[in-house]
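In the two complexes that follow, chain A is the common piece, with chain B as its partner first and chain C second.
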Partner chain A sequence: MKPRLGFFDFTGCEGCQLEVINFEIELVELLELVDIVNFREAMTEKGEDYEIAFIDGAITTESDISRIKEIREQAKIVVAMGACASLGGVNCLKNFRPMEENLKIVYGDCAGYYNTIPARPVSAVVPVEYELPGCPMNRYEFLKLAKALLLGKKFELPNYPVCVECKMVGNVCVFDKGGFCLGPVTRAGCSAICVTTGRHCWGCRGLVDDPNVNSEKEILQKHGLTVDDILNQFRIFNGYLEVSK
Partner chain B sequence: MTQLNINVHHVTRVEGHGNITVNAKDGKIEEITWEIPESPRFFEAMLRGLNYEDVTWLAPRICGICSVAHSTAAIQATEAAFGVQPSEQTMLLRKLLYHAETLQSHVLHFYFLAAPDFLGVGSVFPLINTHKEVVLRALRLKKLANDLADLLAGRKTHPTSCVVGGFVKFPETSQLGTMRQRLSEAMDDLKETVKLFKGLNVPDFIRPTEYIALKDPKEYAFISGDISSTDTGIAPITDYLEMTNEFCVPQSTAKFSRHARDSYMVGALARFNNNYSQLLPEAQKAAGELGLKAVCDNPYMISIAQIVESIHAVEDSLRLIDQIVARGLKEEKPEVKVRAGRGVGAVEAPRGILFHDYTYDDKGVLTEANCVIPTNQNHNNIQKDMESLVPSIINKTQDDITLMLEMLVRAYDPCISCSTHFLEVRFV
Partner chain C sequence: MENRIIEKQNMDVFVNNLINSDAEVVGAKRKDGKYAFGKLADATELCLDYDLALYPPKSYLLPPKETLIKFELGEELEAEPVVEAERVILFGVHPYDIKAIELLDVAFSGTNPDINYLSRRAKVTIIGIDCLNPNPNAFCASLGTATTDTGFDLMLTDIGASYVVAIGSSEGEELLGKYAVTREATQSELVQRDEQRQKALAKYKVALSMSAEDLPELLDKSWDSPVFKEKSEKCLSCGSCVMVCPTCFCFDVQDDIALNLKQGERYRQWDGCMLVDFALVAGGENFRRDSETRFRHRMYRKGKYLWERYGKLGCVGCGRCASACLAEIASPAETFNTLKEERRQHD
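Right after this comes the complex of A and B.
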């Protein structure tokens, strides 16, 4: 029997689900090997007999919490797709203000009608087997994980910083161009796409294990930047690390 | 007498979550509601305190499907605030990038989200066995659109290389040439698409409404021009608040929009109804073949207008590439001088007119943001359509009525996750 997959969206832009639909022939091939039983964005049928649950988006309401717990009960394997599901992502920027203030800024007089709780990654609520960080997730990394799951093989994220991939593609260092970059402390696996296409790293794949903080500090000092500079930048995708402590 | 108890909890094959409730007793309709139970994201609050580079980096994250639209609106709002005038080359590249997203989003909608209803299946997936050529065609068109966006902006979902003042990476002329060839070949796929949809039975439902879209005297507008209404004519984009008039509905907490009438429509059909005469020849021809004629008051025809626009997008992309190559592509460095001020950016997202309105301080830090999302503007029109449609089909079976209502919602291609990034509805 083919493995049964479910895709579930929480608070996010649904861009990571879109990345799955963005495959061309790989999508057709994948569908020969698995059954997608639940994928609200793409299908009407709603099967509840999924074994692997792919989660997109962060947890930001009380009802999100009960829903993710139900999914966890059903699924043998839970995969967090993208920065929102695996890190909390951009949603956690609101955590730096009291929730009442957020509500007031966005809804004004109607603020009282709405509910929200500080945003958090899936793993803050239920155990998660795999995470595919990135904003959006790298769809080829998704494919790699899918293959590993189908073949019963091990899957691991790269545990070296974006700088390594950046050097491999031959980019000029952003710091050397007078810019600012989170590449030295961010987990690789994106082929350094943002630097390669002319920008810098915003850290959307989260921290590498045991980041070399001293080296980052040294780089900052050398280029006349402060720890505040890095924190302001880091919290765009990784605010959860800062405020959950 | 008819008894109806329709409760579609989370309409499928739309972006985000929406519910339909219809109750009728003894042939009397007691309730028809279109509800939005999506989680709020508070972007307007989150953008505050960020510098303009981070603002324009964050804004595309409002929506994965139309991230280029949000990126462009954010960039253009910021440029307006700073008084930055993008170069002619920048505008050509932006329009080309924009067509890539329009094509990508439209193909996704009419093939993956809308077509399964017409072909009697629950999703595009079973069509791989029964209509493999159709699925491959859709995937091919989507891939072309994604590849074009990748080439111009680093990647389609959350673009990287388009910035305030222009671009930081440029394609090679030879890459544009390859893309031109592929776009030209895609015309065949689009013509097959026209043939396929010509044979499908689009529900016949008419409800005249007001249509609002951008209008540019020079071309079928996507990222330039003024606001145009089929009821009230032209207004500058800085007057957007007078058009959108968001208001609360007593029985629900959803904020809806209205202008000259009870409700108005934005999106492909609204653009078509305002600007049809500016469509390029192949698109005009396709409109004729598909029986789409302005002013069209059938919301089910939105998908058909999207097909027509897809053809226009490809035709115009060919012209734009020719223009870019003929001028000679230069590596222009974006020039930005930060200043305090407020700016409005208006673009036609695939689902309709989108406004970003930013205020910055003299350091380029955002102090206030307001965004009006297309789907929000359509919610009220969807509600009014349902109120008009249900009595006219009340004698059909509950399943048929449900399907008609779901198809109606899908026709609008609502991007609910997008619309509720700013406005949330209490779960009823």
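Right after this comes the complex of A and C.
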């Protein structure tokens, strides 16, 4: 019997689910190997007998908490897809403001009808087997995980910084062009795409296992950033982490 | 060694003739205010007076990622080696980078000849050029890598109105005869070449405070030096220093399989001893788990281990690591000089 997958969206832009749909050819191949029983973005039927749950979006309401716990109970394997589900991502920007204020900004007079809690990654609520960070997640990494699960092989994220891949593609370092970059502490796996396309790394894949954050902060300061600037940079995707506080 | 002259106004013709030949011509080009090797479409792109290319020409011999084997799973495993090699002319390689390629040649041809490397190498022609404007981080003069008598097919030196061309191989001679307008070099032009080289030697800003041959012994006595811990505290384990190094040749081998779960490939990809998981082995043991031991290991590779193994130092003094390291700790010269100073105080 083919493994049954479910896709579930929480608070995020659903860009990670779109990444899966965008596969086209590979998706057809993948469907020969697995059954997708629940995928709101792509189909209307809903099955509850999934074994592997792919989650996108962060946990940001009380009802999110109970829903993710139910999913966890059903699924043998839970995978957090994208920066929101695996890191909290941009959702955590709101954590630096009182929740009532957030509600007022978004819902105005109707604020009283809604609830919101500080945003958090899935792993802050239930145990997670795999994380596919990135905003959006890297769909080739998604395939790599799918193949590893199907073959019963080990799956690991790169545990070296973006700089490694940035050097492999032959970029000029952003710091050498007068800019700044979170690449030295950010987990690789994206081929340093943002630097290659002329910007810098904002850390959307989260930090490597043992980042030298102090050294990175010192370097950013040497290149003209204030302590506030630095925190604001880290908060874009990594607001849930200690480094941003 | 025979020497010829190419007048400056004839250089573009030579380069363009090579570009129009069957080989890919690679040279230093401008990139975001720096220099980087890349495929030339026209002679006007080529910079011959560059100080340092961000990356060495190593990737034309050892690409960052390359397929080694294609396989198919089934009743019986089918596997086929993949060896890809194109004709490449590296135009304008500095002596230190040539010395680094000589080290790679030894490392990849020894007890376990590397067919992928050697096939590429056999198709690479090296046209060198003396480096007359050393990079501020370079210390080639201390390592004997500022000039070279070996390792090239042709070697150019800018003497003002023209280039002296030393011929290092019959292939170089053939290229020159076929594609360039040259004439005999006069005695005075050869003297000018020596003068240019001498002048360049005086321009190096970084120097070792000892002779290169003393490095292995110095390191032998420095295992417990505090400098490794001190410097490595700032280390990001980002690998930039090893990725840009012309003599670093470490790689990791991985398998990848297609979605049909049948066809797959085995590939290799650059790796480096400054990365956290480099020394991670099966069972989860990492025998260089902290940045201090990794930092020290790299210095020993550069100044001792490769010397003992190949009779060549693992560093050619190009200064790329020092330029690339955001934490400003990667220069081997700086560490070696600190160790020397420690010894001096100790003895």
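Note that in this section the second predicted complex is superposed on the first by the 232 of 245 C-alpha atoms of A that agree within 3 Å, B and C clash if a C-alpha of one lies under 4 Å from a C-alpha of the other, contacts with A are read in each partner's own complex, and residues count from 1 in each chain.
FYI, contacts are C-beta pairs under 8 Å (C-beta built on N, C-alpha and C of every residue); 3 or more make two chains touch, one makes a residue touch a chain.
What you are looking at is a predicted structure, and each value in this text was computed from that prediction instead of being measured.
Look at A:C16: by the touch rule set out above, it reaches chain B but stays clear of chain C. Of the two partner chains, chain C is the only one touched by A:C173; chain B is not.
Residue by residue along chain A, chain B and chain C are tallied for touches, and B comes out ahead. Once chain A of one complex is fitted onto chain A of the other, the partner contacts of A:L151 are limited to chain C, with no touch recorded for chain B.
After overlaying the two complexes on the shared chain, residue contacts for A:I193 are found with chain B alone; chain C is out of touch. In the superposition on chain A, none of the residues of chain A is touched both by chain B in one structure and by chain C in the other. Within the complex formed with chain C, the chain A residues making contact are 26, 29-30, 33, 143-144, 146-147, 150-151, 159-161, 163-164, 167-170, 172-173, 175-177, 183-185, 208-212, 215-216, 218-219.
By the touch criterion stated above, chain C contacts chain A in their complex at residues 31-34, 36, 54-55, 59, 64-65, 233-240, 243-244, 256-257, 259-261, 269-270, 272, 275-277, 291, 324, 326-327.
Every residue of chain B that touches chain A in the complex is listed here, in rising order: 10, 12-17, 39-42, 44-46, 48, 50, 54, 57-58, 61-65, 67, 108, 112-113, 116, 122-125, 128, 135-136, 139-140, 142-143, 146, 153-158, 160-161, 163, 167-169, 248, 253, 255, 417-418, 421-424, 426-427.
Interface of chain A with chain B (complex): residues 9-19, 21-25, 27-28, 31, 36, 39-46, 57, 60-61, 63-64, 89-91, 93-94, 97, 101-102, 105-107, 110, 113-114, 116, 135-136, 193-194, 196-199, 202, 233, 236.
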